[in-house]
Amino acid sequence: MSTAPLPPLAAIPHDLVAAVDYARRAPFHLDPRCLAYLNGGAADEETLAANSAAFADFQLWPRVLADVRGGSTATALFGTPLAHPLLLAPVAYQGLFHTLGERATALAAGAMHTPFVVSTLATTRLDELASQAAAPLWFQLYWQGSREAALTLVRRAEAAGYGAIVLTVDAPLAGIRNREQRAGFALPPGLAAVNLAGLPEIPAPPANVPVFQGAMCQAPGWADIAWLRSQTSLPLLLKGILHPEDAVLARETGADGVVVSNHGGRVLDRVPASLHALPQVRARLGADFPLLLDGGIRRGSDIFTALALGADAVLIGRPYIHALAVAGALGVAHLIRVLREELEICMALCGCRSLAEIGPHCLAPA
Amino acid sequence: MSTAPLPPLAAIPHDLVAAVDYARRAPFHLDPRCLAYLNGGAADEETLAANSAAFADFQLWPRVLADVRGGSTATALFGTPLAHPLLLAPVAYQGLFHTLGERATALAAGAMHTPFVVSTLATTRLDELASQAAAPLWFQLYWQGSREAALTLVRRAEAAGYGAIVLTVDAPLAGIRNREQRAGFALPPGLAAVNLAGLPEIPAPPANVPVFQGAMCQAPGWADIAWLRSQTSLPLLLKGILHPEDAVLARETGADGVVVSNHGGRVLDRVPASLHALPQVRARLGADFPLLLDGGIRRGSDIFTALALGADAVLIGRPYIHALAVAGALGVAHLIRVLREELEICMALCGCRSLAEIGPHCLAPA
Amino acid sequence: MSTAPLPPLAAIPHDLVAAVDYARRAPFHLDPRCLAYLNGGAADEETLAANSAAFADFQLWPRVLADVRGGSTATALFGTPLAHPLLLAPVAYQGLFHTLGERATALAAGAMHTPFVVSTLATTRLDELASQAAAPLWFQLYWQGSREAALTLVRRAEAAGYGAIVLTVDAPLAGIRNREQRAGFALPPGLAAVNLAGLPEIPAPPANVPVFQGAMCQAPGWADIAWLRSQTSLPLLLKGILHPEDAVLARETGADGVVVSNHGGRVLDRVPASLHALPQVRARLGADFPLLLDGGIRRGSDIFTALALGADAVLIGRPYIHALAVAGALGVAHLIRVLREELEICMALCGCRSLAEIGPHCLAPA
Amino acid sequence: MSTAPLPPLAAIPHDLVAAVDYARRAPFHLDPRCLAYLNGGAADEETLAANSAAFADFQLWPRVLADVRGGSTATALFGTPLAHPLLLAPVAYQGLFHTLGERATALAAGAMHTPFVVSTLATTRLDELASQAAAPLWFQLYWQGSREAALTLVRRAEAAGYGAIVLTVDAPLAGIRNREQRAGFALPPGLAAVNLAGLPEIPAPPANVPVFQGAMCQAPGWADIAWLRSQTSLPLLLKGILHPEDAVLARETGADGVVVSNHGGRVLDRVPASLHALPQVRARLGADFPLLLDGGIRRGSDIFTALALGADAVLIGRPYIHALAVAGALGVAHLIRVLREELEICMALCGCRSLAEIGPHCLAPA
């Protein structure tokens, strides 16, 4: 890894057959500091590891000889039909991982009919992405210290035709990502969050100012959510909820959906795995409120498990960035196809012809 | 392992004393791609590992000073007396592992009075095997896309004197065996499923056709089972059931027996270990319905445990193929003898003079 | 490690960002025998490992969008206001780890407003430390075989202005620290427990005298505690209690506080982790009795967890000695700041504006 | 380990401080095949590992400030006073491990006032050992195929002054010790079970005779126990019981004591750890029947735990043979002293002045 990163592959070799293969190969295609930024999590990375490990706590319960001819993974969210219950999660600064950055991701998303949630911290302009994209685009919003700044960003997303606003609520501060700190990661020159252009900069607090007088004074509150809800007609999702009471508050404050997530274990360590939080959140919300799961998805069987435990759809983050680094848009599209086919096989062998047939009865008793 | 595979041994060295020894030595006698095909399982191979690991969840409960003189491992299945409750599971393409393929396996089975379940995908003709075999032969049937094709195969097995039909129901598609894919395994020239001769070929679906419109349209359903039941007087077993309700359906549809199995973890990953599924299936079926266990057997104590949890007999797959690769028919026969002697010792030290005396009371409380 | 230990660093490099980093780097700055003495525990060091591992049995339960502006980690113990609920535990012979020994520790404690519990076996005089210290100093007392000796030490601490007496009750004998024995550790010439000057020496029992006739005849009893209580007006804490009944006896005998601790796993192995003992002790004592936790703290999230389970404050031992060895007073101060900031982030993201808001409801259900 | 074994040490170096140290050093003092014979167990050695690991399922619960002055580890078994509740288990062929064999063991036992249970398969004559021994000697009896042979051996032990008969009941056959088989162990020329002199040899069954017609026809039954009981006035213990019902049968048949043991995991694998079997056996037998524990003891805390769970005393096997190989009689004596001192410390720190005060209340709640 002391040699220069390899360029992206132009074709998929026969030994790239699963998300884990992209994860194993990504280090050869990335600068070690970028890799530490991408793969690292908060503190000891226990939550990062737990996110994936949690899926092994559940087992599928196959049914044989079921008639599933003509089955499908199709679904819909907020009125938009989706080919499968899989979205590309917001990941910042994708120019770090491929020269085309978010443009390559959007290209793959379009080819595979997969919604792409574009980060506030994208290295490509929202409108440029929208003008080229064939897939639904959603906008992920990081609160920028004021309602005015938030509104400016939302208006830009609306203007560019984005289909939903996903407000991240679990990261009012950056989290202490020790792996990234030890690697000495810094944003390289020439890469920037171009969509923040024209917004007043949030001043970084001096290094010795405590958390409570620093970052937490720039953070949004529930009243800001209610205000934001009143400002746009787009579906509004809150991303980063683990506590069932927060999910209820989200619904009561007017959110249209919730994303159960711990920010990929990047903000606070030693919190519940997303999957473990999911059933409690679904139980409190009841059956019909849109609920997504983010964190730890590496297999089609993980998607199946999340749906069986109450998710309507899932997001993947690091896995598609690994694919982006390894093989660009081609890699991302291939990864999505692999996951979709794995999901189809799980459904077929568990006797489910549609997503609606997936439920807790599809998991083996513990 | 980059050197050529070693030829099979002509004698058993003193350090080959257990199934695990054959597993450790097999890599030296096999092409690495064949080994990946043989040892690999679906996806992350969690179920493959769980199959064996499950046995460690149970412990034998020895009894001392019991009188077990004249005890025996004898049993019977469908009226056929068996020297011990152990069968050789169907394994495809045995010509990959030894130049004599299924002929060597049948020779060992005959020497050790052990039923051999011959695969639809054998590399030896059913009738040729039957003409030389001294052990009971059963026929494993893969549905070939139509009732006509299935009937042709069953008639051939009947004509050759096979004693039972074992229909595999857990593999309507091949499963995504990542290890095998990464190794680049393909059937070498000159090896073929010779028993499919004369049958219409099932067209492989184009690579980008989804599962639901592809393989699942060639799969059998419960109505096909009822039909098959009506076509032959041979005992009919369904192999690959984990769900108790499917076991009940199998009995109601006319099956004479059920094999609890997950196909050695080769089709769908993250499903229950066979052994964990067994007690629930037995509980639903009641005491008398023939029930076999396939998956994870590596020791005589595993056989004992399976019987204590409700199995009438067990099948081994990979272990005897390892023995076949390492030492041909001699290896397979030796392995069977080792397992039988291990089983006898478990019985003797747990105070069981016959298989009928093995029950849940022979396992230590958790 | 066969080369000479490195001198302490004069600045904090960018890859020293957590307590674990100091632990990883300390071996380069210490003689291997000192390291064995510092890091080693009793016997197989199971309790030593369990102390830290226990924290992973609990998970934080974040709340989003809470208003925590102006929050604080401030608290008070025995009327003394504290900037945060963190104290420096008594560690003997700090001259082993840095040429300035306890003086460097006291300097860092003062800079970070952190109480420092000075050991009976300090290599610096109590009064010298007190004359220079900016932080509250407490005095840790090892019973020295007689009430007279104990009183002499207490009077010296009182005279020097120490704020509390912390009597260690879990180490009437040294424990069998196998790692230390195997390393051949012995106190180097020139280092001594200078505060024992003028006290009658406790004769070491001959090597073959059993425990019951040796060390245990020099140990204090509950009556000695009652007597000690009557001799001083300083707050008196008993350190080293795991059993809830002992905590109750401590309170009934007049102690002002209890430190749940197993002496860092250095005296008796295979006893409960401090954290596991904590909730039972708190339950028996009720909400108001001062209760501290010592053992295994490595992260701000560990402090948060201990407080959620009933501790009023925590002590750290080995972590600050690692920092002392690596970077002297600068290292100790930096480590305290890291832990405090980690704690602040936990509080902020769990919606706690003050320590009083931390409770069992802040931990995710198991 | 391809070099010649080292001779025994003549002094104990400072890094030999615990049983694990002898275990780590023994390989340097033994022929690898002897080591495989000594350290190996049946099959996959799960029970062998479980025997020691089981102790970690329990934790001591210390009490502080207790008055234990003048405490003691003294006890008595069958009227014989013992300095501590520790015996040396029967281990066959000790001439394999030291040129003095059982003579060295007996010398150490005498020096440390520790009963030594001499094996039927000792390489030293019973009467020669007795004539030199300062410690109580007990005789372990392997049934030799007939009552006549058993009686001959018992009479020899009585004549030589042995204090008890310990009949092994868990090894009617040798067990399949794969490690030993793979190593090619065989008894070297010149070593023999000299105490079998003059007895009719038990013919080894031909290799292909099943267990039930072979070894199990030479095994004793409960009627033989009743008969043996009637033939001697010495205390009679049955060694190798795990099942509570067998313990009750033992008492009803006239045994004076029971040794809970699985033969060090050498006969049947995947059976309960001795310690896990202990509480159930004690519960069925009631408080007063003599009950010993054999298997997995490596620390004084293990002895304490076994006593807390109902044992009256414990036996060690492999640990003292490691010490014998490493440092002869000196090593065995040193090991016994280490274990006794570890036990004393556990007692002192848990507030137990005598063995009678050790009970379940000394273990922390799970």
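In this document, chain identifiers A, B, C and D correspond to the written order of the chains, with residue numbering beginning at 1 in each.
As a working rule, a residue touches a chain if its C-beta (ideal position, glycine included) is under 8 Å from a C-beta of that chain, and two chains touch if they have at least 3 such contacts.
Keep in mind that this is a model prediction, so the values were computed, not measured.
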Same vs different contact residues, chain C with chain D, by half of numbers used: different
Rotation angle superposing chain B onto its copy chain D by C-alpha atoms, nearest 5 degrees: 90
Chain whose mean Cα position lies farthest from chain C: B
Centroid spacing, where centroids are CA-atom means, of chain A and chain C in whole angstrom: 42
Centroid distance [mean C-alpha coordinates] between chain C and chain B, Å: 60
Per-residue overlap in chain B, given as positions that touch at least 2 other chains: none
Which pairs of chains touch, using the document's own definition: A-B, A-C, B-D, C-D
In the complex with chain B, residue positions of chain A that touch it: 14-15, 17-18, 20-21, 55-56, 58-72, 299, 301, 305, 340-342, 344-349, 353, 364-365
Touch list for chain B against partner chain A, complex: 43-44, 46, 169-170, 172-173, 175-176, 178, 181-182, 184, 210-213, 215-217, 219-222, 224-225, 238, 240-243, 245-246, 249, 262, 267-272, 276-277, 280
